[in-house]
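In the two complexes that follow, chain A is the common piece, with chain B as its partner first and chain C second.
This part shows the complex of A and B:
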């Protein structure tokens, strides 16, 4: 995590107005949670002096970034809290053994995925079985009501020999690899349609789940393994593209890890497609489709500071209406909402969003929801009951590769 | 390529974005923070427009008088929950219970009915931060000697856990709770508990902001007495709600808002701005546009940086008007430093303070970035930001 700006200067931007705490969804349901002002800029003063305060309670922060969006002065509150958690982790601050084991597992989405996709059918049956979920809750503290995503046959990597001049490397990420391979195929398809050869090396997890569960060192080691895999492409100046906003955020932070990584050109899928559009290279052989969509911007997309390129791009398609839902965090925050002591807080955080989605669907403002983040998709479906997919499916439909956004979602035969 | 990029998403930038989008322009607003509306009450002061226009360099003097009127009308058409007439002020309450005036205010804050009141009931929510019921009562008695003032303390179960550990609840937290489903029912219950001992009773309610909430307005329309919302110290629910409404309006018109990331610099080509370079995570992103608006909020917003040596415009290093004398000893009096800012022509394009030569053809300046005004002593903070923002959006 890069935090090399003048820390004191950032602190001085805080005028102590408390707007952040007033809007924090966790502080709203848990009075013991000191809130962003105290855990962020206030405690930061002590941390600059080497004093750690409020570390145990800081784990209740879901990193939803509502505080940062509210702050009139643009204080990077969540960044401060995350860093404090990492520092506390280094000195092993307060978690029970049960939660430590669970957080260890959630941090390793890649291994969980590998294990689960040996027999995805069996995994899914188990994950739906109430008894098994009770056991998970009792033993590991994984909430039995939480919407754990289903597993699919693994997304296969493909390293072709490089013939075409226009090439990109695709980083699928754990969610696509183990839970949603069809979206991975759709992304590859769209890139190919725009004239790109797509290379998919056997990447590891991006590191975000490790970081989110407090395993910063392990996250950096995984990142370095990915960088080694990316090395030859990086040298050839081939961009790295991902459709997952959490992977995207992590990949953008890689350049802080190794010297060679400074050449890494990491793009969000739609950011890349928008650049093609700006260069007049984006294919617009669209069918006229009539769809209205609600768009949810994930926290990790907001943190990238690139705006909402998917909304921009999808609005180029005739007949497509996109409404920005503008309701903050869905509450899941990676694996936060799966944890038994946090599930209800997570649902509370997501409530304004779920209400907005339900209301929009009820009065026919839109039919389904799109968001880049796999976690948000799972949580919005769980909280609102409305179909939620990756925005690449709208492009798939417009290009005529795919019928009916909602019902035909898993008809893989229609792909390719 | 955008038609326009607006740097700074406070009152000025958002109004500019809304107006330009409405005119069919493709607009991107880039803003580091949410701007100063959350600090302010949400009421907008225009000041004495005629007198201020007679001051040679005041922002109002740069634009036609009808533009000021048009900006004001435009705002009220956008948000019918806000009321006001040019040249006439309305009364509302400070957080300490003394009356003040402003030109456009959320209807719920309008205190006009108090002129004919005989009894004021001051609602006193348990454990509310920065709420001083005794001081307010004293002030009310001074200003409305014809009235009996009763304090009505109440507590609600939603904040019991807060009271139990002695944690104060801000007015903004109360206001947020009233807006929720359970909060609306609770508010009805609380208001039903107020007894009417005389027919000219008026209820004064701190930590409540009904603008933009249909269910809340409905609750208040059903009470047998008028309810007046009080403004609060920062953070303020009134200002925050206005900010959200502006943001949503802009987005619903197809505008894109990039929040939480600042513009690092602007790429130039001779006398034209070309691209805004944004400090995205890891690698900067360039956004190109035909036209730009600088609404970065002056010293408080971060658009002007003041060091011991000098004041500097942070993005383009535009030359600033800086008063010779920086401060005056009278703390609440006129402070010359407030006049620091960018001088502009009648199209709001930045000019050199010496030669008056236009510096960039496709850049306009709005809001607190403009020179020669003091929002406090001129009493026109919202007015200048609103009208200059509206005009910049009209011209984009």
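This part shows the complex of A and C:
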């Protein structure tokens, strides 16, 4: 079926039930934001008439995709909004030059990362300097209070390991590559411990930041480059794994972009490990570690529709208590919460979550928080002051590769 | 009562066109309409502002009228017209000889056409069939019937013209072979009274023979029913016609947010016989598929039918069959009953097209002026229909309603725009979209509900487009009710307004119940039949 016919049918599928708007975290805190239904399928009928409507307000959409997972009709709401942003950009939309430079940069997490990790030390000093942050706010509209993550020496794959029969391809994503390489190494280590050789081709950004900042076409171009890199492994039936939920969501949509039928099997790390567990291939040589954790499920994990495999898996470890916090979106949504005009919206969206985290930590219900998403980790730490890490670190500790989790700061990433 | 020199019967495009023309010439006129303005064929049509190309071969006279009027209306009423352009496409089933005949006929009628390559055409209209052989561009456009009818009425009012809706002409009153007035019934109050005047203009469309019948004058008007399908979205950017002798279901018109496919043609006995039938729907889908191959997967939100008033001068044509509907001239007839039947003071105007409403009005008004001895010439071909909307209102609207198609709202509201915007400024909640599919704000609905000439929810629909989009009234109907409550003395009991409005929507949905529209209808049923317990009677 042609792309255009597909697009027409997806728009036709909307039955105007408003479920999407009822669940949108931004609409819940910002009364001026008309919500996904109006900006997506409703406005789309007018856009087909050549009327660009709601372009200024559409930038308040954080691209969390809660609306899409909520929609009972499979309407690609966020894609409609992004495409509209892109078209509006072409015809001079409502954004100022300042914001377009910023969004251009935020869309290109890969370039930013490459730049910053040339001299990570210097970058981090600068990012911490209040004066520099004031300048960033005034020149680029990047909120000076926002928790920009620190940069690290770039994630490189560990030493070439001996060939195992079982192989996986790992997609680290920009956050691991430039901000949190230790988590990437932890993931590789856990996979190796389970008998897998881990291959890491020189992937590009998954495309989510581009999409989030309104560059759909470019996101699709990047995706195609990644698909080409995956090609030989795909043909050999080797699965693709990522620990980042936004990358994971994007990778799941890749097959739709492929010219011919694509055999891509993309897995979230814990989804993959849970399959091993179901096949009795998951290693459970755990130490008893006695930790209590609060779990936050990121929007992009929910949008993948695979439940919360990390919670299921971690509960297999003796002594581990996991409480599902279930407080919705953290508000950050990639670079959204870094933007000065959206910082407060983002903080308001995250408020119920931060309160729940603080309260849980104060009652000793749990010591720290786990969530797969790097952005959520940064935002929860910023909003609640409580340590937040990727769940793979719990496995690392249970396998005895790592000691420190329950007692103090974890070294994988730091706040600026 | 004697209110004016002229009484016009019928508030469709033709009637309001005449009201405006006479008012601009300073001739006092009163228009009587039994329903709301545009309640007849003028809101149940295809929305195509003909370039004339469709009639070039068969009816060159009509074609020439169309191209002239097409260019005039684009000038004087750009806000009611979307200058989309149109294509004539030849499919494999359409004869090449006809194409030759047609291109010559267009040249003779001075209709500019230009050929474009099929590959370029397919790029510009990706949903169109890839099997087209030849494609020609013509100056077709689309016209918003509601908007242009109201724009004429409002303009006429500025010149002193008057109109009364829900007033039915019951009988013409005659004295010594001269019509001297109209016995009129106010359908809202039941009150009957006589309106006297010097001249009556019968512009009642498909009802025209009923009006002259009241004084025993026969008028040969054929009721030709045409059914149309409304698709949920704009599938094409321009009007797409099949390049073949005019037939059923071969024109797609992108109209506002939707696309309309039509039309069928069938003679019926009365102008009230306008229920779309399942067979007509199936037929349209079958024919439309040649131009829109994915047609079964494109959502149809409703079907609707209108009645073409065709004038047949030849009283002797025996019987009636379908083909004749299209063969009877689409051009109009001005009947001066003084010349035809020896009855003074009565003019009937029948037939024609929406596209030529202004020309028909001009001809009628010329004749009326002549009879009344007025020398003032017609100005409707040059004077703008809509007053200029001041720049500050455009700015204010864009600022107050940043996510709405505000230009459409301003054009609908015209001089009422200022008060509606002020109300939104005072209470920003009224800037919320009450009808989200067609994006009509609560403030605009409230304004329409309180207008003195609004008497039913359906009148609000015709003024604003409330309930005409994807959900077909599922959500906006109950949202609008509280706004009627404030003026409840004007309306029927609210449960009756609700039921009638839903039933009108249902009439058009019933023949297209499949796919997504079926899902939508189930949701609507859950809201009204289950939650709100609205049941038949």
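We take it that the second predicted complex is superposed on the first by the 315 of 416 C-alpha atoms of A that agree within 3 Å, B and C clash if a C-alpha of one lies under 4 Å from a C-alpha of the other, contacts with A are read in each partner's own complex, and residues count from 1 in each chain.
As a working rule, contacts are C-beta pairs under 8 Å (C-beta built on N, C-alpha and C of every residue); 3 or more make two chains touch, one makes a residue touch a chain.
Everything numeric in this text was worked out from a predicted model, so none of it was measured.
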Chain B versus chain C, judged by how many residues of chain A each one touches: B
Touched partner set for A:51, first chain B, second chain C, both or neither: second
Touched partner set for A:38, first chain B, second chain C, both or neither: second
First, second, both or neither for A:278, with chain B first and chain C second: first
First (chain B), second (chain C), both or neither touched by A:17: both
Which of chain B and chain C A:229 touches, first, second, both or neither: neither
First (chain B), second (chain C), both or neither touched by A:289: neither
Touching partner for A:266 - first (chain B), second (chain C), both, neither: first
Contacts of A:312 with chain B and chain C, given as first, second, both or neither: first
Shared chain A surface residues [contacts with chain B and with chain C]: 13, 15, 17-18, 73
Interfacial residue positions of chain A with respect to chain C in the complex: 1-5, 8-9, 11-18, 34, 37-39, 42-46, 48-49, 51, 53-54, 56-57, 73
Residues of chain B that touch chain A when the two form their complex: 1, 28, 31-39, 129, 161-162, 164-165, 167, 170, 172-173, 176, 234-235, 240, 247-248, 251-252, 254, 256-262, 278-283, 285, 287-288, 302
Interfacial residue positions of chain C with respect to chain A in the complex: 82, 126-127, 232-235, 254, 256-257, 294, 297-299, 402-405, 407, 433, 436-437, 439, 469-471, 474-475, 515-516, 519-520, 523
Complex contacts: residues of chain A adjacent to chain B: 13, 15, 17-19, 21-23, 28, 31-32, 65, 68-75, 249, 251-256, 265-266, 271, 278, 302-308, 311-312, 315, 323-324, 326
